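Next up: some structures, all given as structure tokens.
Each of the next two complexes has chain A plus one other chain: chain B in the first, chain C in the second.
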Partner chain A sequence: MKDGPQDYPKYVGAAVIWLALLSMPFWINRVGGYTQLGTEVLVMALAATALNFLLGFTGVLSFGHAAYFGLGVYGAGLTIKYLLPSTLAGMAVGVLTAVVAAAIIGLLIVHLRGIYFAMVTIAFGQVFYFIAFRWNNVTGGDDGLSNWSRQPIDFGFARLDILHSPVTFYYFVLFFFAVAVAIMAALLRSPFGRTLLAIRENERRTRFLGVPVDRHIWLSWLISCTFVGLAGTLYALLNNFADPHTLYWEQSGVFVIMAVLGGMRSFWGPLIGAAIYVVLQDYVSTMTQNWMSFIGLFFVLVVLFFPRGVLGIIRRKVVP
Partner chain B sequence: MSLLQVEHVSKHFGSLIAVNDVSMTVEAGQLRAVIGPNGAGKTTFFNLISGFLRPSSGRIIFDGEDVTALLPARRVWRGIARTFQVTEVFPELSVRQNLRIPVEVASGYRLRPWLSRSADAKVAAHVAELLEMGGLADKADRLVGELSHGDQRATEIVMALALNPRLLLLDEPTAGMGDQETYAITQLIRRLHKDGKLTIVLIEHDMRVVFHLADRITVLDQGSFLAEGTPQEIAANEAVQTAYLGQAA
Partner chain C sequence: MTQLILYNVFNGLIVGAFYALMALGLSLILNLSGVINFAHGGFLAVGAYLAFALIPYLGFWGALVISPLLTALFGLVIERLLIRRLYGRDPLYSLLLTFGLAFMLEDGTRFIWGPQTLPFSIPDSLSSPLSSSFFFLTGYRLFMVLLVTAAVIALFLILSYTRLGVRIRAGTLDLETVSVLGVNVRILRSLNFGLGIYLAGLAGVLAAGMLGLQPTIGSDLIMPSFVAIIIGGLGSLPGTLVGGLLIGVASGVVTVWFPSASEAMIYVMMGLVLLVRPRGLFGEEGRF
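Right, the complex of A and B next:
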């Protein structure tokens, strides 16, 4: 569809965001941060944006996305540790594991709606958590999977040392973030994406326009889980560690909080939400153990007074 | 051959019999009105035809094919489109987008992750045509939720038309409308029927609208078939008069 002048603020917003992300390593130290913090923002933003593909743009709430995030984490970690010391192989296995699990579980649950869907996603998610938690000699159990690390990538003509240079790793992550986000944005502007908006707006109407709603929700779920899985692999690489808590349902809640905090009706909302969450966590947790209560308070205030999230406030100021 | 044959359909909700052994045959090109006092089972009857509900017994034949067991989306693909008694649109999307979605679905693009320029132009042209038809061209970029009730109804009707239906089911198209809006919608339906040769079945309470539009009328009362005939026959039918007068007087 053609864009009109009403879309210009959107372009300006996107340009500002991309500039900020591209230049992050150059200014983040000066504002009291560090490169790895920026990388974590990117990873979490990717996960939250992927969740929001389902939540904000299809209208389906999942409380079990940690499962696919965690499968990405463990898929990457286990592959690099036991099978093949290759970063890209680890990522491929991690994403594939998440996709296969999401495809199968999706088939079992897409006919459910609302709270029932959310509850079942939690239940399936917890299954993976307990496997990782109990299977000590492979996954490291509660201690997590350590003693492995991401590997430099050799292209033959050039070598990408993502292991020793945090800045190189940041751009490595930014590359995947950009590709994933571009795909999701393009999908949302396509005929397929419009059927998802239609489902969000009015499922009954959509069904009676000839859309097999369950199948479209399944596809949206699969796309969402795929990119959450990708985010999981990047998270494992970032920490050189696989933590069972990435599979825990609390982590799913964190993704939802990020999306809602930033604004789930806007494409960039989850990025803003993730940035706020990760940075707050980093700063406040150095001062108090109860950092979560500050985030909780902030979250409650946003939901009560700005139901369209932080980006919703900005948008209202820019676009009357 | 008749376009739609409803054969002895019934619908039970527990012990309540909402529709009891009703049959109806609609020829291609006909405009059929289904009327009856409140609680006659008209909307349930409609839901059976469109696939919103599955009949407890009986068959529904569309264009020679038994569609009784088909899901709603599949009935749409075969050419049955409907509107609802309470307007069902996409309130937070623009009128243009509300129409673009069914046009794309009907063009077989629903799973496309992108559109070629020419396909996009074709869709846009069809949308523009529909906007014109519904008298919505000047409101194309407004959110449907912001429009007047009448314009929302018009949007819903042209959304159904966007599917290129062979049978259009309209559930009380003029419900809750003022005279002006009722007149506009009535004219729209009349054009679709007369000029577009579209087969239409509608439920309607406003008898002026019914007698102005319908070729034939089916009357239901308390879930059962009461009468069928031309508007003149129905107006003269004593059983119909009793059913209406007995209830409302």
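Right, the complex of A and C next:
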């Protein structure tokens, strides 16, 4: 597919998004936010974009991505606390843990479809929650894993103090976000990505064309879980804390609602959804004790009135 | 030791009965309407708290009868207002909607009755142990097992012999044909949903008597119910029943040796079942 004039709005949109992300630390305080909130938006956006690789572009409904997010969180936290006080080592271990778990569980579930797949992913996610919850003396159980923090990174010639400067940490996260997003975008443009779209549109026909559908779905699942795991490690670094609730099934639902809210047929949709969700949650939880009700109501309203998501609606207006 | 194992097996059986009761309701809704009702645990909590509110006026027995019915009524209203709009759409949307509902129901009960555990009084006639050597065999536990058994038998009788039940089973297999034959599918789905929620309400009242009342009572029970359905096989109600009892007993037995692994155990079982028999123990081949 050659790019033509019909694609220009897409380029403009991407340029605006990158500009906004690059300049975020300079304006977020003026609009009432703070840098850590911006970082959280990035982390959640990475997780939601990664989920959407599977959900929106392969058409496979996973409701258990919190497991791999949480494995990233605990992988990073446990490594930095007990093994090696190095940020990058923590991230590597976190991502690796998520990948290994996803690869094994993926083999068990990859031939399941539709609601069955959703249910199994939800249920499997809970294993890791219970491990984190019960293995008190290592994981801190219900209280979470605290008393550790991300470490400044020493390159030899330069030192990146991500611990004390929130702005530096923001750009640190933005770097990983950019790399991950670029990889996912490139994969989606490749023949492999086109095959995933074909699976989404018509699995049976794709299978008849000789595509090993199960293997493609497994790969897509693995890619998706890898980047969700990466987001998890960044989330742990952001908070200097590992919370068992990052492994709980509620978190999986949050990722899905972000993708749906932004528009799961658009590559940038999950970013928009994550931004809206994170800001809203931050606002509501300072206003009221009953933020769960508001979040729940929010879910219901999104499903009833914005099933196409923000970008889905905009796209419909622009391209009738 | 024997007594300890026996105690845990019996305990597991009771917990398994809860899982089964809840999973049967979930299964009914899932099979006919293709909706994974995340809010099922929320409805369970509603049933439990309604019973708590009704006991001062109606007593335990009155609440046991009325509360599940009110819960089912509430479920019918929710179905009519919200869930009905999503039938036939991507299951993603009903999942998200019921997910939001689960949040609202849990938080709603917390808002009304507070976050603390509330005592739930059961009649004296049920709370004493039946025998001194089997201290764990209180009247309430035995009563619960009997009631769950009765409810399950009633459910299967309804499904086998009443017109509604036959239509539900037929609709599970082929809803379009059932509709063409002149059955009002909307009403069928509503009643089926109500039936499922009734079971959740009933499980709620019983669970409250055993575990005490907490807003999270439902969300703690819903995941094992999913596992029960998966192990039993999607689409098979007897499978769901067996699955529920099986994971209950299994986690009970594991508690004897590794108490902290009792929850993780059921997910390991699910993994094994999926590995050996992906459609579940009683699931039909090729249905999912």
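Here is the rule we go by: the second predicted complex is superposed on the first by the 306 of 320 C-alpha atoms of A that agree within 3 Å, B and C clash if a C-alpha of one lies under 4 Å from a C-alpha of the other, contacts with A are read in each partner's own complex, and residues count from 1 in each chain.
Just so it is clear, a contact is a pair of C-beta atoms (placed from the backbone, for glycine too) under 8 Å apart; a residue touches a chain by one contact, two chains touch by 3 or more.
This structure is a prediction, so every number in the text was calculated from the model and none was measured.
Peer 1: Based on the superposed arrangement, let me know which partner A:Trp135 touches: chain B (first), chain C (second), both, or neither?
Peer 2: The answer is second: A:Trp135 touches chain C but not chain B.
Peer 1: Based on the superposed arrangement, let me know which partner A:Val300 touches: chain B (first), chain C (second), both, or neither?
Peer 2: A:Val300: touches chain C, not chain B.
Peer 1: Name the contact category of A:Arg204: first (chain B only), second (chain C only), both, or neither.
Peer 2: first
Peer 1: A:Val120 contacts which: chain B (first), chain C (second), both, neither?
Peer 2: second
Peer 1: Looking at chain A, which partner touches more of its residues: chain C or chain B?
Peer 2: C
Peer 1: Thinking of the overlay built on chain A, is A:Pro191 touched by chain B (first), by chain C (second), by both, or by neither?
Peer 2: In the superposed model, A:Pro191 contacts chain B only, not chain C.
Peer 1: On chain A, which stretch or stretches are contacted by chain B in one complex as well as by chain C in the other?
Peer 2: After superposing on chain A, no chain A residue contacts both chain B and chain C.
Peer 1: Which residues of chain A touch chain B in their complex?
Peer 2: 1-2, 4, 186-187, 190-192, 194-195, 197-198, 201-202, 204-213, 216, 219
Peer 1: In the complex, go through chain C and note every residue touching chain A.
Peer 2: 30, 34, 36, 38, 82, 85-86, 89-93, 95-97, 99-108, 110-111, 223, 226-227, 229-230, 234, 260-261, 263-264, 267-268, 270-271, 274-275, 278, 288
Peer 1: Any idea which chain B residues touch chain A in the complex?
Peer 2: 50, 52, 71-73, 76-77, 81-82, 84, 88-93, 96-97, 100-102, 104-106, 109-115, 120, 124, 141, 159, 163
Peer 1: Considering only the defined contacts, which chain A positions touch chain C in the complex?
Peer 2: 55, 61, 63, 105, 108-109, 111-116, 118-120, 122-124, 126-127, 130-131, 134-135, 249-250, 253, 256-257, 260, 290, 292-293, 295-300, 302-304, 307
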